[in-house]
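See structure below.
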Amino acid sequence: MTVKIILAGPRGKMGSEAIKMIHNEQKFQLVACIDKKNNTKADFNHLEETPIYYDAEQCFSEVSADVYIDLTIPEIGFPNTKLALKHNLRAVVGTSGFTEENIQELTRIANENATGCIIAPNFALGAVLMMLFSKMAATYFPDVEIIEKHHDNKLDAPSGTATKTVEMIQQTRESKQQGHPDEYEILPGARGAQNDGIRIHSMRLPGLVAHQEVIFGGQSQLLTIKHDSFNRESFMDGLKLAVNEVLELETLIYGLENVMDIN
Amino acid sequence: MTVKIILAGPRGKMGSEAIKMIHNEQKFQLVACIDKKNNTKADFNHLEETPIYYDAEQCFSEVSADVYIDLTIPEIGFPNTKLALKHNLRAVVGTSGFTEENIQELTRIANENATGCIIAPNFALGAVLMMLFSKMAATYFPDVEIIEKHHDNKLDAPSGTATKTVEMIQQTRESKQQGHPDEYEILPGARGAQNDGIRIHSMRLPGLVAHQEVIFGGQSQLLTIKHDSFNRESFMDGLKLAVNEVLELETLIYGLENVMDIN
Amino acid sequence: MTVKIILAGPRGKMGSEAIKMIHNEQKFQLVACIDKKNNTKADFNHLEETPIYYDAEQCFSEVSADVYIDLTIPEIGFPNTKLALKHNLRAVVGTSGFTEENIQELTRIANENATGCIIAPNFALGAVLMMLFSKMAATYFPDVEIIEKHHDNKLDAPSGTATKTVEMIQQTRESKQQGHPDEYEILPGARGAQNDGIRIHSMRLPGLVAHQEVIFGGQSQLLTIKHDSFNRESFMDGLKLAVNEVLELETLIYGLENVMDIN
Amino acid sequence: MTVKIILAGPRGKMGSEAIKMIHNEQKFQLVACIDKKNNTKADFNHLEETPIYYDAEQCFSEVSADVYIDLTIPEIGFPNTKLALKHNLRAVVGTSGFTEENIQELTRIANENATGCIIAPNFALGAVLMMLFSKMAATYFPDVEIIEKHHDNKLDAPSGTATKTVEMIQQTRESKQQGHPDEYEILPGARGAQNDGIRIHSMRLPGLVAHQEVIFGGQSQLLTIKHDSFNRESFMDGLKLAVNEVLELETLIYGLENVMDIN
């Protein structure tokens, strides 16, 4: 069976990688793109043979497809994904920044149309597993710190993945203060940021790409879960998985970890 | 509620740590020990107040208890554990080397008596989680290598934990050859040992204690799960967990991972 | 040749390790101890055969020795070391907290008596090398961050070793701001402490002992220098080295790195 | 002052990076290239404005320059470097595979012409420092193992850098057997390759790039020196350094470590 795919956001960095991935995957076929800057034809990313639409409604009406992939921005991605689901197109959304209300509305539409939808803020399977394992480990190891390391072009600290990891850990970890109650900083900031007692340290250096370690401390033992990502290619295995999994779904699932087969 | 415990093997290294743990845990009470070298009383490990039995049958008949902990050798541990289960004493067995037949027989007796039993070859919760997470990750990352590091007094390589990790990974990993098909060793052994295509590397140095890293490689990403154990104290959280969990069981469970609450 | 040693501070943790080290080293001989709580004889640390002195002057007058090891506190160690040098006893001082003036005065006395003295705030050879290599690397890699990890009983952050490492790096590193000029913290402290633009992160968890990583970032490359110390035994190789090296000296040297043969 | 550079090997991967580096460095100027496949002009790597020569002799006669960079193969690089030195052009050679005789002859010519030459098999400053520090550390930590990790397209194991690291360590390490004398492998290869008692482990996984750790074990302590290289850009800082250093030389130096300012 061939999976026919419409892709929105073909000019972005994620979009470019997605096009390569679709071309390399025998059972996938790119049947159209949606791009606000192009119409009919495009001369980038080897898309010369692929119809390009400016208008999503027209695209979904004219082109027969199985899956809609959205790699845009919330202002475009939200209305487009709604349209796709109404056209009974299964949707895989990598766009980040959807609100709680956006997700609730898309869930309602997916259910009404019995059409699968996967929204995933992170497609790197290794990062998703790192967060999932961290949540599992925190039941038994409530003392945990995170160190995330990125290139020195990154402006914000801590990273979104570190923040998301803390949220997942909080689902199982008994709330507690960590470190010695009388500890003190000789230099302010030495002990890092904290969220619910969990310390987060952000390193920024040239040469680093995107790395995170979650370190759990117990009695005379340490458990460390670490992810290294070297470029956007690392998202493609997860995107491929989402496309395959969404074909089996009739509802909306948020977070790649919830379609992964962990046992 | 107080959990009354009979311990076999109080003189060994694990036994000494277990006695400390039981003393430190408010709800646990050491009511007797079984030791082939002592009877009635012992003057080691602060056991002056604890009755010591040479004979297990006599101990189980005379002493009222909830849990029997076996930290001995198979020749002693197997018959003793059978006796304990027949006396409706729940059993936690840390003795390694039980045969498949031993385990089957103990399972039968546990079921007949509706008495819980946990046999765990490894009580370090972090090591158990490392193996469990490795099994989970291998579904998505079939390319994996293991490096284990121990002090240079260790004679055998690879370690039992490395071998057990490979077995657990094999439960989910699609069998495959790893590395380049044309790879070659300039110095023999450089690529390590292999089991089902999974490479295992054993480092031995003074200063090392007991460490293992399981490294999964994917497209432009790495996922690493690492455990460091610094001494036998690291087994005590797992032993405590097993004592608590066995109270709820009416059958035999092999492997601590199968009583852990992972979700 | 046998090296006859007088040790001050035999009851402390470092002192106990030092006694073991001296006993294990064939060419070393413990000829006396100085201890403010004992006189003549002691019944701890297998010192039954070793004369113990309350008074340093008396000890140095009565006992013939080659090296005086001071593992006490500055209030005791400073006057005792002065006395030792005046008695032409070579001195190895592991006591921390000597002032700049203390060191200048001891240097003067060592030179006057042409008697060697080594003062070393850190006897762990691996830690000394880590700091030395960090100083060397910083000439070529001025972008550097430090992460130090200790057990959660440690009160102060960052560690003394981290602070000392920064000082050594400053000897070769061109002063510069690191990270993106527009970087910002979403959670305060995420980017750690800073000293001269060098970020320092302090992790505190049960299970950790004493660890430090110095990470240098360059164009598409990282250089990491890491030290792990598991207990006070790790100081003994350095103490042994200092005793051997001080025999050749006729002046005072501060810092073990300055007697190490690095080339 | 502007440093005028002639580059041989502009089409290779290293050559492409070198051209970028020269363009980005204000005081460097690319005045000509030597390329066996092109003459006069080239339309790759933004070389449209740079004269290209097929013949080295003609190039050196017609073009005034300060430094000749050779990034070719030994069959081309050796005669070209000889010619360059005879033309009093200082030479920086990154070509690997020169024989001992090649190097001796080039040394003689460099000395005769009082013209500097640097031959460096590895331009990654971090890797050079890792090897240098390993040599230094081995004096005090003779127990050492190496683990090198590369992508699974690499055919040979262990890597050239690992082999070179062992050679440098051997300059200071007392020859000794490592590990327990009675150690044994349950699975052959577990303990890795060995050279002079030093164990080397080679990991090959997708997602890895080029990494090496040198781990020294001592009494209750570990010292680790690690280098990660993410692409050929990591060689450019070292090439730039060599160009600057060769301007001050009147002889041949082999190995970047011998022009680095380490103190």
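Chains: A, B, C and D, in written order; residue numbering restarts at 1 for each.
In this text, contacts are C-beta pairs under 8 Å (C-beta built on N, C-alpha and C of every residue); 3 or more make two chains touch, one makes a residue touch a chain.
Keep in mind it's a predicted model, so treat the numbers as computed, not measured.
Chains touching both chain B and chain C: A, D. Most remote from chain B, judged by the distance between CA-atom centroids, is D.
The chain pair with more C-beta contacts between its two chains, of A-C and C-D, is A-C. Between the CA-based centres of chain A and chain D the separation comes to 40 Å, rounded to the whole angstrom.
Centre-to-centre separation of chain A and chain C, using mean CA positions: 48 Å. Note on chain placement: the centre of chain C and the centre of chain D lie 37 Å apart, centres being C-alpha means. Residue numbers of chain C whose C-beta contacts span two or more other chains: 207, 216, 218-222, 228, 230, 234. By the touch rule above, chain A contacts chain C in their complex via residues 143-145, 147, 149, 152-158, 163, 178-180, 182-195, 199-208, 215-222. Chain D makes touch with chain C in their complex at residues 124-127, 129-130, 133, 136-137, 139-141, 216, 218-234, 236-237, 241, 260-263.
Of all residues in chain D, those touching chain A in their complex are 207, 209, 228, 230, 234.
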